[in-house]
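In what follows, a structure is listed as structure tokens, so that the remarks can point back to it.
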Amino acid sequence: MLDTSALPGRRSIGQIIGRITIYAMLLIFATYYLMPLFVMLSTSLRPLAEIKSGSIIALPREITFDAWVKAWGQACIGTKCDGLSPHFWLTLKVVVPSVIVSTVLGMINGYALTKWRFKGANLVFGLMLFGCFVPYQAILLPMAQTLGTLGISNTPLGLGLVFTLYGIPFTTLFFRNYYVSIPDDLIKAATIDGAGFFATLWYIIVPLSPPIIVVTVIWQFTGMWNDFLFGAAFSSGAGQPVIVALNNLVNTTTGVKEYNVDFAASIIAAIPTVFVYVVAGKYFIRGLTAGSVKG
Amino acid sequence: EPTLEVLHYWTSGGESLAINVFADALNNAGGKWVDQPVAGGGGDAMNTVLRTRVIAGDPPGMTILKGPVVTEWANAGALADLENVAAAEKWDDILPPLLSDIVKVDGKYAAVPLDVHRVDWMWVNPEVLASVDGAVPTTWDEFNTLADKLLEAGITPLAHGGQPWQDATMFEVVALGLGGPDFFREALVDVNPDALRSDTMIAVFDQMRRMRGYVDDNFSGRDWNLATTMVMNGDAAMQIMGDWAKGEFLAANKTPGEDFICAPAPNKGGYILNSNSFAFFDDPNASDDAVAGRELMASLLLSEEAQIEFTLNKGSVPARLGVSREPYDICGVRSMDDIEATLASGTLVPSMAHEMATSSANRGAFLEIITEHFNSDMSSQEAVELLVEAIELAQ
Amino acid sequence: MATLRISDIRKKLGGNDILNGINVDLEDGDFLVLLGPSGCGKSTLLNMIAGLETIDSGEVRIGDRVVNNVHPRDRDIAMVFQSYALYPSMTVAKNITFGLQRRGASKAEQAAALDHVAGLLQIKPLLNRRPAQLSGGQRQRVAMGRALVRDPKLFLFDEPLSNLDAKLRGEMRTEIKRLHQRLGSTIVYVTHDQVEAMTLASHVAVMKNGAIQQYGEPQQIYERPANMFVAGFIGAPAMNFVPCVLTQNESGQYCATITQPDDLRTKIELVLPTGNTDLSARLGTDLILGIRPEGITRAPSGADDTGSFDLVVDVVEPTGADTMVVFNLGSKEVTARLSPKDVVPAGQSMRFQFKMNEVSLFDPDTTNRIEMGE
Amino acid sequence: MSQTKESGESPDRSKGGQGNFVFWLQTRISQFVVAPSFLAILVVVYGFILWTGYISLSDSRMLPSYNFAGLEQYDRLWSMSRWYTALNNMLVFGGLYIFISLLIGITLAILLDQRIRMEGALRTIFLYPMALSFIVTGTAWKWILNPGLGVQQFVRDLGFETFTFDWIADRDMVVYTLVIAAVWQASGFVMALFLAALRGVDQDIIKAAYLDGASLPRIYTTIIIPSIKPVFLSAVVILSHLAIKSFDLVVAMTAGGPGVASDLPATFMFAMSFQRNQLGVGAASAMMMLATVMAIMVPYFYSQLRGERHA
Amino acid sequence: MATLRISDIRKKLGGNDILNGINVDLEDGDFLVLLGPSGCGKSTLLNMIAGLETIDSGEVRIGDRVVNNVHPRDRDIAMVFQSYALYPSMTVAKNITFGLQRRGASKAEQAAALDHVAGLLQIKPLLNRRPAQLSGGQRQRVAMGRALVRDPKLFLFDEPLSNLDAKLRGEMRTEIKRLHQRLGSTIVYVTHDQVEAMTLASHVAVMKNGAIQQYGEPQQIYERPANMFVAGFIGAPAMNFVPCVLTQNESGQYCATITQPDDLRTKIELVLPTGNTDLSARLGTDLILGIRPEGITRAPSGADDTGSFDLVVDVVEPTGADTMVVFNLGSKEVTARLSPKDVVPAGQSMRFQFKMNEVSLFDPDTTNRIEMGE
């Protein structure tokens, strides 16, 4: 945006009021956005007794990290009392390869669909894209049957496969929209230079892709990390991802609830994704600008 | 090594300790317990997983199934045969007939009952009661009078959480109280349309409408244990909730009979029973270990030792008869006494709200209408009609 | 170095005829410029030579080999793109040697070739930069280096200079010209800038709508354009086209007679250098007279030469070396390119003269040139 | 999206003159590399949809059954009042959710575009909800909106005794609380989309508008916003997709309550398939949802891909 | 229409001096072209006149009013941008009338003004299209329309033609020239194309690094450039610079003596038109001789004129009307612009002659012009 404050003849009261309004509005919005985080944080730091008396929108009178310690390493989930930590690491082990594989496949698809077009490439793309919009509840049962047939039901491998498969439409979309704006001449030059499909991809295209890789990885990582439905349906026991474990911790039918532990656990489960957004948020916007905006 | 994979939704707090009793028992007996908890929605989430796993051809070894669902699964041919163990352990002798009826399909055991929860408890704060000179009500008229008095005194009479299953719990307690066990069976177990349309049913909905007035405004979506806390803290006088509520009092170091009172909700004799049972799934591809694990577990479930330890943690009482009452507090003892009494008089009824009475489709229809009614200004007549219609659709 | 023969090449894309029967025949060392407006199929033709686009029918032959079904990598060609298509993530050195490396040249070979080319193009100080850190002209040079390093049989250039500003374009043009003189390579060069075509080509093919309009040496195309399209396309400012009628004067000479749109409908009669040609069939018909801006000079005032006439100057545009003068002739705007000294200010009248031996005559219906003998 | 010429096409794929396998492979390689993903998607998306479609025509209840039962399940579906509630909620929720998210998203983007100090921090604050799962934040929202625990109590504690904000307990208003939480999650993402687009607007256009005498608000409303129309389309598509799938949200915040007042098609379908043992009805409702998605997406894809071809 | 006075304007941006003391003085109806290489501060200066950029120090006065603190809207100026900056969502008609509407003109006034401008620029058939549906030239016209419609005191143009192709650029240039002649408006016009500057300007300011290098009429700048930068920047192909030494010949005339880099170190002695100027202080020092390509002609072979010499032709570039001939003089490449008839093929020798009254002489240290009297 043009620096309007640098225009001459506008240094008026009105302008100052305008600036104040802008900041005030931003502040109000920031409050709205931060409120759930505040509630979660303050609750996680309060002793249980304090929580049960009075409003939750209040600063803790007494701060204790017990809930955090318990949520991480001691809380009982089912018959195991190791807290969230094992699930946390396990989720990383499932999600990271799934993110990598789906991103790589999306990259290859996007590249093939834009730079090595074949008849019907648009149709193929359109059909793949529709996978972004399927309500996942509808495919749970057939997927279960399929995983069973493949003999990988209830394994991290099976879960990773499901993540990867339903991630492909998104990754393909992102990469395709980004690669459309890379000049075809580069591919022609590389072809004449003797580089084939993969050599061109590796030497020419991949080095140009970091912005869109960031967008894709963020999208995939948060999507997979936060998934509940697939995790609950296609994993078991110690193999459950962290969000499912969190749900097990938080949700009890007839047991006693420890809200501070619940919220500490919630925050712990959210740390990686929030971390990714905070660290890479800038690149996220940049990557969006670079092409995937076109949706 | 006998191995057993257990799918369940008892994931935290006392539930988790309770199920650990069986896990330990199995592990100590040389088996291996493989835990697969899926919490949420009182077993809804677990049901989803169960479904996907069965469809995937990879059913868990054992899971929590209740009431008619056992029959549904058994009819689908998914459950393992337990006759050998049942005979060896003499289940027919040690289980009360109503319980064994529920878990038997075609005269064969399809699941093993673990415990008995009493649903129709009323939890009362004696101090609050004393503040209005009230006594624990034994009829719904008394209840209403007391509640009105409490309201006048500015006290919330009834602590309640607005979740469908809590609404339904209250409903069935009222239904038993106003209609008696026979009506309960006809309406909530057999879903007989005549019973559903009867005046008694209308009276039940009328009472529910009154109850709505005794509940504070913030009840919607509240967890049951927060409602219990209200009673504990004197913010409300009473709560109608199953015996698991006791765990919440105990966790706050309250003593039954002193700091809180457990009394059966007003009724004309009767006992709404909720029982958890374990069902074993039959997997044609199961390994020998899995089969061995299944049988080993089944044989351990009804041992007195495990029963006592499990129910103490769970807040319930044992499923089998003839267990020592010594370890139980007064609420537990009262519950055990009443089971025997109602068994004798034939007034023990299965809980509709807790999936003991009728198919999940029927139960869903009940919950839907009960909640709708409780949360709106629908008339009782209207509610009854909608209920009949919904039950028809669920067939 | 090699010959290139293109025989009756055709191409359809998306249902449209993009190329309809192109024939080209280049000797070793020839410099062919494909010239034409945007969308006429120049790049498509070049891509077909390179093997980046399939050939529907016809034949492309490089040296003795029909290459229709040869992979671009194996055609032994090099190509320079309009956008330069430098690999953005590689250094200049890597950009240049990438093709060698892909072909399995040893490190030493690569280094030697790089050194040679970098010296030739004077880009040694740039070798470790990335394309983004280069100016337009430097990028252009690197793109050339990438083509030169492989020492191919045939060079293909697709508008290599059109992204440069006017000044740099001139310099790089000279450089390409010099490289061609030095290396003697066979080159096919696409442009829509007619100055480049005139400057560089040994042969020019002017294209329009997928067909070659005229094929020949630059001077021939400039002086004897085959039709109005070619005439208008070559030369800047463009050739002036003035409607006229073919008449005969008293001495029997054929004349182009132009009617001024003024009240008097003044007629200007210009004697045509028709030699022996018999144009009697066209007498009285409408024709188009074509005259290049440099074909118009200032006549000494009062001179009574045929082909000179007085007119009011409409616009004057000094460009430094020359000054463009615009005036109205036969209801058309005509631009003359005059020496600054000869110019009068806009609004004043001056006497113009057409160099009649440089005019062309066109048929308005077919737009084709009417030959007037020598 | 610029060139869609088929010119990047693998060379010489027509004739395969050298006839050897490697050459043939080279010319087909792009089809080969896309094929595995494509086939997998065909199976796990379209194959599974077909399966669900078949189940919706069967008499399945607890487990899938393959007995054909015609349109019985659809009959059943369309005679359930709960389904109508769900559809109605979908309309209200979806409409408001998309509209408000766009409004807030673009407002935030414009505000952030005013050379704001701490833009980075604010942007992160607006964007982080997208990183959280509703399984994580659902309880927090449930509490914040709970009259006895959250905002209402807070304001009353401040001294406004009569302040009432109990939508989550109100059958008629509960769907709006879903909107509040859903907007909270998605509007930051919309903001990012718009911010990216605003950053791409030609600064000269803004200068020109200043010279033409337009005020800042007018420049936004009449010039900048209309010029980023394609982003609206993308945002609407992404938001519709999120709205149709907003399952976790309802489960975590209201579980469909009070009553079934906040049921959405996704929760309806889930309840029917997995809680009520009415798999057939669940499948029928899934097919209806898919039909809705198709109705929104197919024209969009079509115009996008066509637009590209003619660009 | 108005005067424009810019006094000692300075500007810092991001810590760098972007403009250091600019002075300009325009009369009513003047056409000032700001010419200079990329990044020299042309746009910044224009933006400061427009009010789109604040002024650190100095004063801008339009008519009688100091506008330093006047909002752009109220300065009564119009601006045409390089990217045209048309409002993409509005029709052409709306684009043109938007400014009027913002200023509260009635519908009728808007329609009348639109009609007038659309007629002037011949864009009537386009009025209902959107910018995306226009060609480059049409967009340019609409952008002009938007500026013209408001009938402002001052027009500002920021490289309005640089996005057009060469042909269109030429046409639009003529059109702008004609508009200026017709409307007589005061115009400031930024470009880095020297042909535009020469063609359009009544005054040219050649800028470099935020300072004006020379300010004057185009012909003056072309013929008497103030320094080598200006000399090299104006004219295409650029002026040739040849190192020489100042000597005196027997008849006492000052001569520029050029040493050829051959084995014989041949000396070429060119008599300078010094008039009465006393250059004795510089005798024997190194100087730079500047000669424009069109200042070199072919001498009749064997002519023994001073200022003519034989050299071998290095490169020949026919461009149609003229042919560029490159040869080596004093180890520099020198380009001559000759008539095609006068040219010999590359490699052959020919006799060149410098038009000595057109040469310039520069001091190699300061790069400034050395005046040689008239």
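Which chain is which? They are A, B, C, D and E, in the order written, and residues in each are numbered from 1.
Definition applied: a contact is a pair of C-beta atoms (placed from the backbone, for glycine too) under 8 Å apart; a residue touches a chain by one contact, two chains touch by 3 or more.
Since we're looking at a predicted model, the values are computed, not measured.
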Worksheet item: So which one's got more C-beta contacts, A-C or A-B?
Response: A-B
Worksheet item: Based on CA centres, what chain would you say lies at the far end from chain E?
Response: B
Discussion item. With centres defined by CA atoms only, which chain is the most remote from chain C?
Written reply: B
Response to the item:
Averaging C-alpha coordinates per chain, one finds the centres of chain B and chain E separated by a number of Å equal to 92
Worksheet item: So what's the Cα centroid distance for chain C and chain E, whole Å?
Response: 26
Discussion item. What's the distance between the Cα centroids of chain A and chain E, rounded to whole Å?
Written reply: 55
Fill in: Whole-Å separation of chain centres (CA-atom averages), chain A against chain B
39
Worksheet item: Where in chain B do residues touch two or more other chains at once?
Response: 41, 48, 51, 55
Worksheet item: Which parts of chain C, given as residue numbers and ranges, touch two or more other chains?
Response: 47, 52, 72
Worksheet item: Which chain D residues sit where two or more other chains touch them?
Response: 5-7, 9, 11, 26, 64, 149, 207, 210, 270
Worksheet entry | Parts of chain A lying in touch with chain C, wherever the complex brings them together | 183, 185-186, 188-195, 199, 203-204, 207-208
Response to the item:
chain D partner, complex, touching residues on chain B are 41, 44, 47-48, 51, 54-55, 72-73, 76, 162-164, 216-222, 359-361, 364, 368, 371-372, 374-376, 386, 393-394
Fill in: Touch list for chain C against partner chain E, complex
165-167, 170, 173-174, 177-178, 181, 192-195, 198-200, 218-219, 222, 234-238, 292-294, 314-315, 317-321, 324, 326, 337, 340, 346
Worksheet, complete the sentence: Listed in rising order, chain D residues that touch chain A in their complex are 1-11, 26, 29-31, 33-34, 36-38, 40-49, 51-52, 55, 64, 104, 107-108, 111-116, 120, 122-133, 135-137, 139-141, 143-144, 149-151, 153-154, 157, 184, 188, 192-193, 195-200, 203, 206-207, 210, 216, 230-231, 233-235, 237-238, 241, 244-245, 247-248, 266, 269-270, 273, 279, 282-283, 286, 289-290, 293-294, 297, 301-302, 304-305, 308-309
Fill in: In the complex with chain D, residue positions of chain E that touch it
47, 50, 52, 72-73, 77-79, 81-90, 98-99, 102-103, 146
